């Protein structure tokens, strides 16, 4: 566990979550993916953005869970929601209907154009090229699949992504585009006025990346304290570029760390309460 | 008309080898008891449809009931893989498993279209995704008014729809409350339907717009207390998140899975 | 974000001459107070959309606010004609009225598609009807899977959606209960929305799947007690069926209508 | 008011309503039109068919009103319903979804192929032919429009129609087909496997009509007691045919008449309770 000495002691995971949380503001409606995005979104709600509207694909609108859900449809989400709608209504009226400011996603693989792969890992398979169509049938690793992401990414006004930084995850070209960032050539959203503007920020445990306005290639705009350019280069599967005005990410404050740690402790306790029969 | 039946009789009457079946419940109200009864009755060659396959389908696949799986997110939520499903896909154990893969939006729309009696669902989906390259069901239609290209997929109309719900009244009307998922759509679109409930009550005691399935939309109602465990039933019991975590170990290994199957499914009487 | 406003301010802020407006409520919760405020503020050249035009649109048309009416059933339910609407169609009094005519299924689907952010609604409709001969909006699409010809019409996305509801909480979340019609769809599909409510409460006190519009989907909330009369608000007051019957006489004659307008609308202050 | 001396005194309207009520059986789900169909359906429910499922397009499922609704969405319908769904759901899931056995409709005009017109009366207008497209723009009488009927008629498994018999209403060809019976030539439902089988019975104050199985033209299958063939011929705008095995409609019984009259009295009282302000 890496720790940094600044105003507070924190891990790189905590740095990632809290930085991701800070990307959300109080007046946003956020369609929340399970896992890291859910953790970040709830830290935001419990710190600087108490009125942020969190929506989960299970149909729970404006939910305020006290512990993090393990699944996308834990009872906690429904019980603390303003109301709960059916899943078809959630995808038709609320997501496709244009009511979501931010889709907050995690991923298994991400490439330089912020395309996401949660379908198959197949790059090392003998039959595979880099084209998902060829490697899909006989994958090296079968991942869970797209879930809500393919349409969250196109029907939300913008997309935030949070994922741990590693060469396995940050690849030049994803094995399969489950969910579009900006397409194989960065132009996948051009001339499509009915879809959202796509990923605007990627938050990792090392840095913050944003798409270059012209090419849509992800470039590093901010390094987390204690991270070097070389750390990022080593953990990225393409020749990563850095912004001219590279910033240093502000560190977590005491309150954020306390909220995150208490949330995780409550969650751990809640999920371990029962023994298998 | 609705018949109150034991779960054993309901499955024996309405679930046949080779059927296309949706056991639904979006995390909430997953009909585990019904799934286990299907395993006990050794149904084979089923085509299973479900947005989030979850443990219940891992168990059905591992038990050898399934030849085809249509899904949009197949995992143990918050834990990891469905090892029995992966073993079937990757190693054809215990038998070959064909898969049809969609996104959630696609399946939600396809269930909605099935309930709406339509042959297709039309939605703004799959833009830029490579899923249409590997799923031949996905077509496009052009809006005659705007010119926009939209995704179209066939609606879902299963042979059998199976759900779990909180309760039924004595006339056979069913209340579903909380995360209602695609439960209503499954029952309305299926040729035959089975609903397991926690209990039968005199009066559903509902507000005007509650999600209630009239008795005449359901073929069989079976009382199955705790019939959704380790999933949950809002107002009755919580999700057993720890069970989901422990499933990872049980299911990872063929032998430990088969042991679990013997003791926890075949070893149990009918509900 | 939602703003609590007087109805006068809400209409002044969000309803403009020439706008396309849906004041909805399927018999229940018809926003009469809001309609009267639009008349008082003398909006002109409105394109009104409503499944069942009812008295509220008879009044708006008779008052000269309207140039176009999209509808699927235009009458005084159980009583007879909308005389002001007929006078406008048949004699261009007080001004010419263009009409676009649909079936209920078509408009319900078009509202649904509007809320779903789609450019079109696809449904099994208008089979054998001659309405497609007189309504150029009605197209057909062919299902790429079944080959079936289905009806397609443009979705409804009004400039302004106006509804009445039971209550809002202090954060601006709105509860609609009972016959909910297309109320949710209107608010979700409209560019701007006004909701009148019977009252503001501390807590909506609802069941898990109640029809609640979150505050951020509504532009203005105005308290308008009895704002749906002579329609009704479930839990607050009944439909004044006798008023509907008497409207037949009031509206039949231009003079008596204009008298009614002066005394019952212009003679009333803002709510 | 016509009365008949049989087992009981009753009017021709009562005869019509009760005959229409008898067409419904206890196990049917019926999508109920307002007015005469609603009256008949509720008499059925209060007499021989206590479990008949009545559905109104306002979204009220399995409703049991104590008084007849004046409108399709009176509070009574919702308060006595099993549950109430949105209007889009009603038309999509319940009607189009194939859950309705019988659509019970009234009409302003009906022709020999049971096509219904509730759009425009235009036959006497100088510009009009018999084609709705030509007479629509400048009607003699503007009727309320189609409402739910066009899709009730095609998405319900079968259709019952009840309407008072007169030459103005029973025309050879409707001025405008709002709602298909069997089309302009009786073949309008041929080769359309996804729609219902259409009108199976028309109940008037004079007789019962059914479509000829081959031609789909409406023919009289039963005369109400006291009605002659000539009465029907005089009230019908085409050369009406009579079935070879013409029956006499059974008369209303005391219970049916009592239920109908009490229902109407309760309704009258309820709808007159308030004075206009």
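Letters are used for the chains, namely A, B, C and D, taken in the order the chains are written, and counting of residues starts over at 1 for each.
We adopt the following convention: a residue touches a chain if its C-beta (ideal position, glycine included) is under 8 Å from a C-beta of that chain, and two chains touch if they have at least 3 such contacts.
Bear in mind the structure is a predicted one, so any value in this text is a computation, not a measurement.
Comparing chain pairs C-D and B-D, the larger number of C-beta contacts belongs to C-D.
Each chain gets a centre from the mean of its Cα atoms; for chain B and chain D, those two points are 41 Å apart. One simple way to say how far apart two chains are is to compare their mean CA positions; for chain C and chain D this gives 27 Å.
Centre-to-centre separation of chain A and chain D, using mean CA positions: 57 Å. Chain contacts: chain A has residues 78-79, 84-85, 92, 96, 155, 194 touching two or more partner chains. Within chain C, the positions touching two or more other chains are listed as 112, 116-119, 123-124, 148, 178, 180, 184-185, 206, 208-211, 234.
Inter-chain contacts, as defined above, occur between A-B, A-C, B-C, B-D, C-D.
The touching residues of chain C, when paired with chain A in their complex, are 1, 112, 115-119, 173, 184-185, 188-189, 206, 208-212, 214, 216-217.
By the touch criterion given at the top, residues 116-120, 122-124, 139, 141, 143-146, 148, 150, 152, 154, 177-178, 180, 206-211, 234 of chain B touch chain C in their complex.
Within the complex, the chain B residues that touch chain A are 26-28, 51-52, 71-75, 77-79, 81, 85-86, 89-90, 101-106, 108-109, 111-112, 123-131, 133-134, 148, 178-182, 184-185, 211, 230, 232, 234, 238-246.
The touching residues of chain A, counted against chain C in their complex, run 27, 29, 53, 61-62, 78-79, 81-85, 92-93, 96-99, 155, 194. Touching chain C in their complex are the following residues of chain D: 34-35, 57-60, 69-75, 77-79, 84-88, 90-92, 95-96, 115, 119, 131-133, 136-137, 139, 142, 144-151, 153-155, 176-180, 183, 188-189, 192, 194-195, 270-277.
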